[in-house]
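The following pair of complexes shares a single chain, chain A, combined with chain B in the former and chain C in the latter.
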Partner chain A sequence: MAFNQIMFILFSAMIIVFSVLTVTSRKILRAAIYLLFVLVSTSGLYFMLNYQFLAAVQLTLYAGGIVVLIIFSILLTSHLSKKFEHSGWKKNIFSAIASLAGAILSIITILDYKFSATSEVAKEVDMRLIGKSLLSVDYDGYVLPFEVISILLLAAMIAAIVVAKNGGPAKAQSPLINQK
Partner chain B sequence: MNTGIPIQYFLVLATIMFFTGVYGFLTRRNLITILMSVELILNSVNINFLAFNRFLYPHKLEGMFFSLFVIAVAASEAAVAIAIIINIYRRFTTINVEDVNEMKF
Partner chain C sequence: MLFDIVSANSAPLPSEPWWRVFYDFSSLTQSINTSLNDAMSPFWTTVTEMLIIGVLFLLFYAVVGLFLVYAERKVCAFMQNRLGPNRVGPFGIFQTIADLVKLLFVELIPIKNADSFLFNLAPFIVIIAGFMALAAIPFAMGLHAIDLNIGVLYVIAVSAMGVIGVLLAGWSSNNKYSLIGAMRSGAQIVSYELSVGLSIITIVILAGSMQLSEIVEAQRAGWFIFRGHIPAFIAFIIFLISSTAETNRGPFDLAEAESELTAGYHTEYSGIKFAFFFLAEYMNMFIVASIAATVFLGGWMPFHVGNWVGFNIIMDFIPPFFWYIGKTFFVIFLMMWFKWTFPRLRIDQLLTLEWKFLLPINLVNVLIMAFIVLMGWHF
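Showing the complex of A and B:
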């Protein structure tokens, strides 16, 4: 068995096990750490597919940014020692049936479909090519989505500040304050 | 590079991850864990994009750039969602979705 096959099996086993643990763990901080493992293994898969830049973006932005943000909000809003109660078995069973049916249907469709291999030469994805096509207006350029995503990020930043800031008048009404 | 691994393996892996996220989205009641399930779903879609790009259209870069933009959208979505969650916690002192059932005081 080749080395990259062993690596693929390792990464996919980690992804599957830890994503199941993420959605079933009853302690919320552990669920966040399992999510971190899933994201790191996914970036390993990106390295296997030879997309080094995207793997680095995945590591810094997802594993370094979003998971830290999630852990911060967990620490702000939850009691860590508290375990989740089991949601009703009826809900669990019906959700499991729905997701299993969807997964089986999709897997059957994937395995049934004949993917036609291409004869084109693979393009080497280096940093210079990514930067040039991100800022070019030609046929292969992505300057318009780049601008749109920058506006979206700005809007999200302003929205996050505004939404998280104005809790002033509601504070007096919250039952936690009134109890004191 | 990726010799010996068919494209179907990547797609089946992404499918399993996607529907695990769907299961978590349906069963969880805490807002932050629901957000984590959404992150799982977005991540599995990214794997799909990259596998299609690498195996079927290796001379183009559409899949890579699309997943780059998906990551950016996921980041901004997480930021806004966590701001909303903190605001909800201030008003209701809980982030359980079943206890948060009033739109306005």
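Showing the complex of A and C:
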């Protein structure tokens, strides 16, 4: 078996096992850590495909950003001794159906797509190409999604400032805001 | 022009004496690779090479960690007008080895009511993050484990993952001190990561590449801290401040402020698990110092001054590895100097410094640097 096949099997096994553990764990922080393992293995897959930029972004945004935020909010809200109750059979059945439907949908999509094998060597993705296509207004350019996401981010930041102000939006003029 | 490209080093020597390997490691690594390829199949070659590199990094990690602990105590003593460790071995150089042996013998205390899985996992996450960052650092010409084309981004990404270990350690210890320490550390690292990234982006604009080997190569004509005028210098200062904060070192060591939190997030750890955190702190310092040395101070490039050919040739005689180590330890010395000179910040002062001062300065600095590169004013 080739080296990349072994690595692929390893990574996908890790992704599957830890995904299942993420949703079945009864301790919330452990679930977050299993999610971290899933995201790191996904970035391992990207590294294997030689798409290093996406892999590093996966690590920064998901592993370093989102999981840290999740863990941080768990730290603020939940205590170690807290355990989730077992969910009822109704919930179990419905979530099983939902995840099965999702799995079938994505498997059908993948099987539908014609993957054509080539003998070309793996290409390195140039950073300049990524940067230029992010800001390009051409047919393959991504300037519109880029700007839309920037506006979304701006809105989120303004909302965060308003919420974090003392007393919330209603008391925005409170003299206590700048208390040192 | 002051920093002309000097081609003194480019003329190949007529014969290749054995010590040339210290100037260019690529022939050595190539010969190891070919001899392994002759002996076994490509699959096992890759496995063996990974094992060799892993063992080398483990050794490097342990040796540098031990040395840095010793160096910290000596520098601290120097700052406080003391002698520091001076009993075990000449100048006390075996003191940290004795300390390590002692730590190995200390009992590992299991914590009742702690989440033992996460409690034991946390030190490993911190250590693994350090190892992953170490893999992408260019130590000398040809001495580079993986040369990713987004090297800088990768190093920032993986070194930021150490905070997860700190957060886990604090929460799973089931201890208020640990929890407060972990939360401080989380807030601190998440905010200062921005400044680290932006100050490196300033130099990435100048270098035009994120590949660490290319960044080093681009500094053959002069180190970026000199070539980038004032913006590069400001970026270097900001990088020093924010990376000191990111490694949880004084004056930003609120996460383990011993006067308030006993030991912060690692209060409950003992023996070798505590040693892992302790070692990881020093290795993180080593990693950020080598990033600073690589990105701002030219990595393993020797110091050249314009047209002083004789001076430049003398500088070329010092092997690149020693240039790299020298610059890294210079930055480490600066960081230790901070630790033993400045008083610890409060958490609100810490966040004010980042969000109200460093971040705006940094954003303006990136703009200025982009403008300078656009106009071609750098040299």
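The rule is short, and it goes like this: the second predicted complex is superposed on the first by the 131 of 180 C-alpha atoms of A that agree within 3 Å, B and C clash if a C-alpha of one lies under 4 Å from a C-alpha of the other, contacts with A are read in each partner's own complex, and residues count from 1 in each chain.
The rule is short, and it goes like this: contacts are C-beta pairs under 8 Å (C-beta built on N, C-alpha and C of every residue); 3 or more make two chains touch, one makes a residue touch a chain.
Since the structure is predicted, the reported quantities are computational estimates derived from the model, not experimental observations.
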Examine A:103 and indicate which partner it touches, taking first as chain B and second as chain C; both and neither are also allowed. first
More residues of chain A are touched by which chain, chain B or chain C? B
According to the stated criteria, A:118 is in contact with first (chain B), second (chain C), both, or neither; which is it? first
Between chain B (first) and chain C (second), which does A:157 come into contact with in this model arrangement: first, second, both, or neither? first
Touch check for A:80: first (chain B), second (chain C), both, or neither? second
Looking at A:23 after the superposition, I want to know if it touches chain B, chain C, both of them or none. Which is it: first, second, both, neither? first
Would you check which partner chain A:62 touches, where first means chain B only, second means chain C only, and both and neither mean what they say? first
Quick one: is A:52 in contact with chain B, with chain C, with both, or with neither? Answer first, second, both or neither. second
Applying the touch criterion given at the start, work out whether A:91 contacts chain B, chain C, both or neither, answering first, second, both or neither. first
Thinking of the overlay built on chain A, is A:127 touched by chain B (first), by chain C (second), by both, or by neither? second
Those residues of chain A which chain B touches in one complex and chain C touches in the other: 2, 53, 57, 69, 72, 74, 76, 125
So in the complex, which bits of chain B are touching chain A? 1-5, 7-13, 15-24, 26-30, 32-33, 35-37, 39-40, 43, 46-47, 50-51, 54-61, 64-65, 67-69, 71-80, 82-87, 89-93, 95, 105
What part of chain A is in contact with chain C in the complex they form? 2-3, 27, 29-30, 33, 36, 52-53, 55-57, 59-60, 63-64, 67-69, 71-72, 74-76, 80-81, 124-127, 180
Chain B touches which residues of chain A in the complex? 2, 4-5, 8, 12, 15-16, 19-20, 22-24, 28, 31-32, 35, 38-39, 42, 45-46, 48-51, 53-54, 57-58, 61-62, 65-66, 69-70, 72-74, 76-78, 84, 87, 91-92, 95-96, 98-100, 102-103, 106-107, 110-111, 115-118, 120-123, 125, 129-130, 133-134, 140, 142, 145, 149, 152-153, 155-157, 159-161, 163-164, 166-167, 170-171, 173-176
Contacting residues of chain C [partner chain A, same complex]: 42-43, 46, 113-115, 117-118, 121, 148-150, 153-154, 156-158, 160-161, 163-164, 167-168, 170-172, 174, 179, 182-183, 186-187, 190, 193, 209-210, 348
